[in-house]
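Reading through the C-alpha cells given below for one structure.
Naming follows writing order (A, B and C), and every chain is counted from residue 1.
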C-alpha cells in the first residue's frame, strides 16, 4: 500500500534519538547505548509493524546503534592512529551535535521568515501568496513519536491476537479518513482512544495512519498529552471540509 | 518613450524613494546611482555613501511623519515595504489566513544549504539522517535554492546554493547577515563544554556506557 | 493563523496608506473601512468622509515631506503612484532593466544591423563569427528589425534593417543619433567583439529588452 505520508516528513531517526535522550535526561556525551538502542528499537519495530512508509532510514540507524553497542562490549578499546582510544559512540554523538545545530538554525531562520513576512511589498495582491508556500504545515503538536506511544498503549489493550495481520480490503485509509472527518465534524475534537475503543488492531492501525495523513495535509490538528497516553484530533482552524 | 526634461528639484533621495517604490526587485545602490547620473548628466554620479545617507534619511522621515513605509536593504538592494504595525490590516485585506510557512523538512534542508553552501545532496542527507530529495526539488521550485554547479568529486554531484530570492524572502542583505550558527554545546545548555572535554568524556565513557543507570548520566550532566 | 493583537497606534490614515501601497489594484474606500473595522473592532467602522480626509492629509504630508508618492483617488478607488517629476528616472531604470534581459547575441546582432544596414545575414555572420539565424528571427519577431528587401547579388539574400520601433524604443530621433560611427566601425571590424564593447556601443540608449512580459509589466506599473 502506498501512503502519501512518509514518516520522515514528520520526524527522522535523529529526531527520535534526540527525543529519547531528552526524555531520559541523558548527557549527550555519555549515552547509555544499550538502553537507548532498546528504546529506539521498540519504536522502529512498531513503525515497521504498522507499515508506515519511510522506515528505511530508521532501520539504518538501528543497525548503527546495534553495531556501536557491540563494539562497546569489545574487551580492548579500538584506537586511532595516535593510539588514543576511540569511543564507538563518537560518530553518533557527532551526528547528533551537528543535527542539533542545524535544527536550531532552521528554527532561527523560520522566525526570520515569519518576521519578514510581516512586511508587505508592493503588488502583493497580484502575486498569489500560495504559490510561494504551497505546502500546509503538518499539524502535529509535539512529535509523531508521542502519537506512536499512544498507538502502542492502545494496541496493547486491543482485544485481539498480538500479531497485526494486514488484510488490505478491510478498511482503507480513505475510509478511515472519512470516519475521522465525520467524527470531528460532529464534535470538533475527539480523542484517538475513544475513536478506536473496542475495535480490532487492524482498525486501530489504519485509523492511526489516516489521522497522520490528515494531519499531514493540514486537515486536522493532532495534539498529544505530555504523558503520551492519548491524543486528540481536532478540526484545523479555518479548515473547510470538502466532503 | 519621449524623453522628458528632468525636473531640477528632483534629489537623489527622491530618485531612491521612487525606485524602491516602483520596482518589484531590490535595486542596488549602484543601479540607483547610474540611473540618477544617466538622467541628470554624467558629471553628477553620486557616491554609494550618498545613497546610504539618503536611505537612512528616508526611513527617518517616514518614521517621523507617521508613515507606514520603510525602505529595506535586502539581497544587496533597496526595496520599499510596509511596517510590521500594519501587517494585521494587510493580512485581513488579502485574507491571508495562514502565514507563509515552510515545512520542517524544507526549513531544515534550507538551513543546511544556507550555512554549508555550496552543498551536495549527500552532505545534506548526512546531516538530516533522511533523504532530502523531495525537499531539494521543492526548494528549487520555490526558487529559494539553485544549482550552483557540480562538485569536483566522484560522480560529480550537483551543488546547491541559496538564491537572491532566498535573501529577499528572509530579509537578509547578504549571506554574511545569516544569524550565527550556534554551537551545539551552547544549545544543549552546556557552556563549559569544549572539544577537549568531549575527548576526555569519550575516553572515560568507554568503561561505562552499557546500560548504565540514570544516576551516572545525571551525575556526569551535573558536572558539565 | 494566530491573530496578533493589532497595534493601537495604527490610525485609519496609516491603514489607507498601507493598502494603497501594497495592492496594485485600486482599493475602494469601502474596503478600507471594512478592513479597518474588521481588525480594530466592528464598532469603529469609519465613514467614507474620514477616508476622504485621510487621503487628503496623506497627500499633503507627502508634498510637505518632499516624498515622491501620491495617493490617487480614481473611479476604481485608491492607489499609490509616483509623482510625474520622477518619471524620467523610472523610465531610465526600466530601460536599463530591459537591456539586462537582452541576450548578448541579440545585442550584437542588433548593433551590427544598426550600423551596417541594410545588411545580409552573411555580413552579420562574418562580423560575429557565428550563425545569427536565431538572433535575426528573434529580432524580427520583436519588430526591432525588418526585411528591407533583397540584395542584388548572387542568391539574392535578404537585407535586414532597423525599424521605427527600434528608434522609438531606443530613444533615438533618427539613425544619425546613433553613437559615433567611427568608434562603431572600429568595433565592428574587430572579430573579438566582446560584451563590454557591445555595452559601450549600446550605451547611448541602444538598450532594449527582448520584449519579455515582466519588464513590460513593470514599466506599465511605473507609469500608473
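Rule of thumb we're sticking to: a residue touches a chain if its C-beta (ideal position, glycine included) is under 8 Å from a C-beta of that chain, and two chains touch if they have at least 3 such contacts.
These figures come from a predicted structure and were not determined experimentally.
Two chains share more touching C-beta pairs than any other pair, namely A-B.
Every chain gets a centre from its CA atoms, and the centre nearest the mean of all protein CA atoms is that of B. Each chain gets one centre point, the mean of its Cα atoms, and the points for chain A and chain B are 29 Å apart. Inter-chain centre distance (chain A to chain C, centres taken as mean C-alpha positions): 50 Å. Shown for chain B are the residues that touch two or more other chains, namely 21-22, 24, 80, 82-83, 86-87, 90, 97-99. For chain A, residues that reach two or more other chains under the stated contact definition are 120-125, 238.
Contact residues of chain C toward chain B in the complex are 1, 3-4, 6-7, 9-11, 13-15, 17-19, 21-23, 27, 31, 35-36, 38-39, 61, 65-69, 80, 82-83, 85-93, 96-97, 168-169, 171, 218, 221-222.
Per the touch definition, chain B reaches chain A in the complex via residues 21-22, 24, 70, 72, 79-84, 86-87, 90, 94, 96-108, 110-112, 114-115, 126-131, 138, 142, 169-172, 179, 181-185, 187-188, 193, 197-199, 201-203, 205-206, 208-212, 214, 216-218, 220-221, 224.
Within the complex formed with chain A, the residues of chain C that make contact are 1, 18, 21-25, 221.
Against chain B, in their complex, chain A makes its touches with residues 8-9, 12-14, 24-35, 54, 57, 61, 69, 72-73, 77, 84-85, 87, 89-90, 93, 95, 97-110, 112-125, 129, 132-133, 135-138, 238.
Those residues of chain A that touch chain C in the shared complex are 120-126, 237-238.
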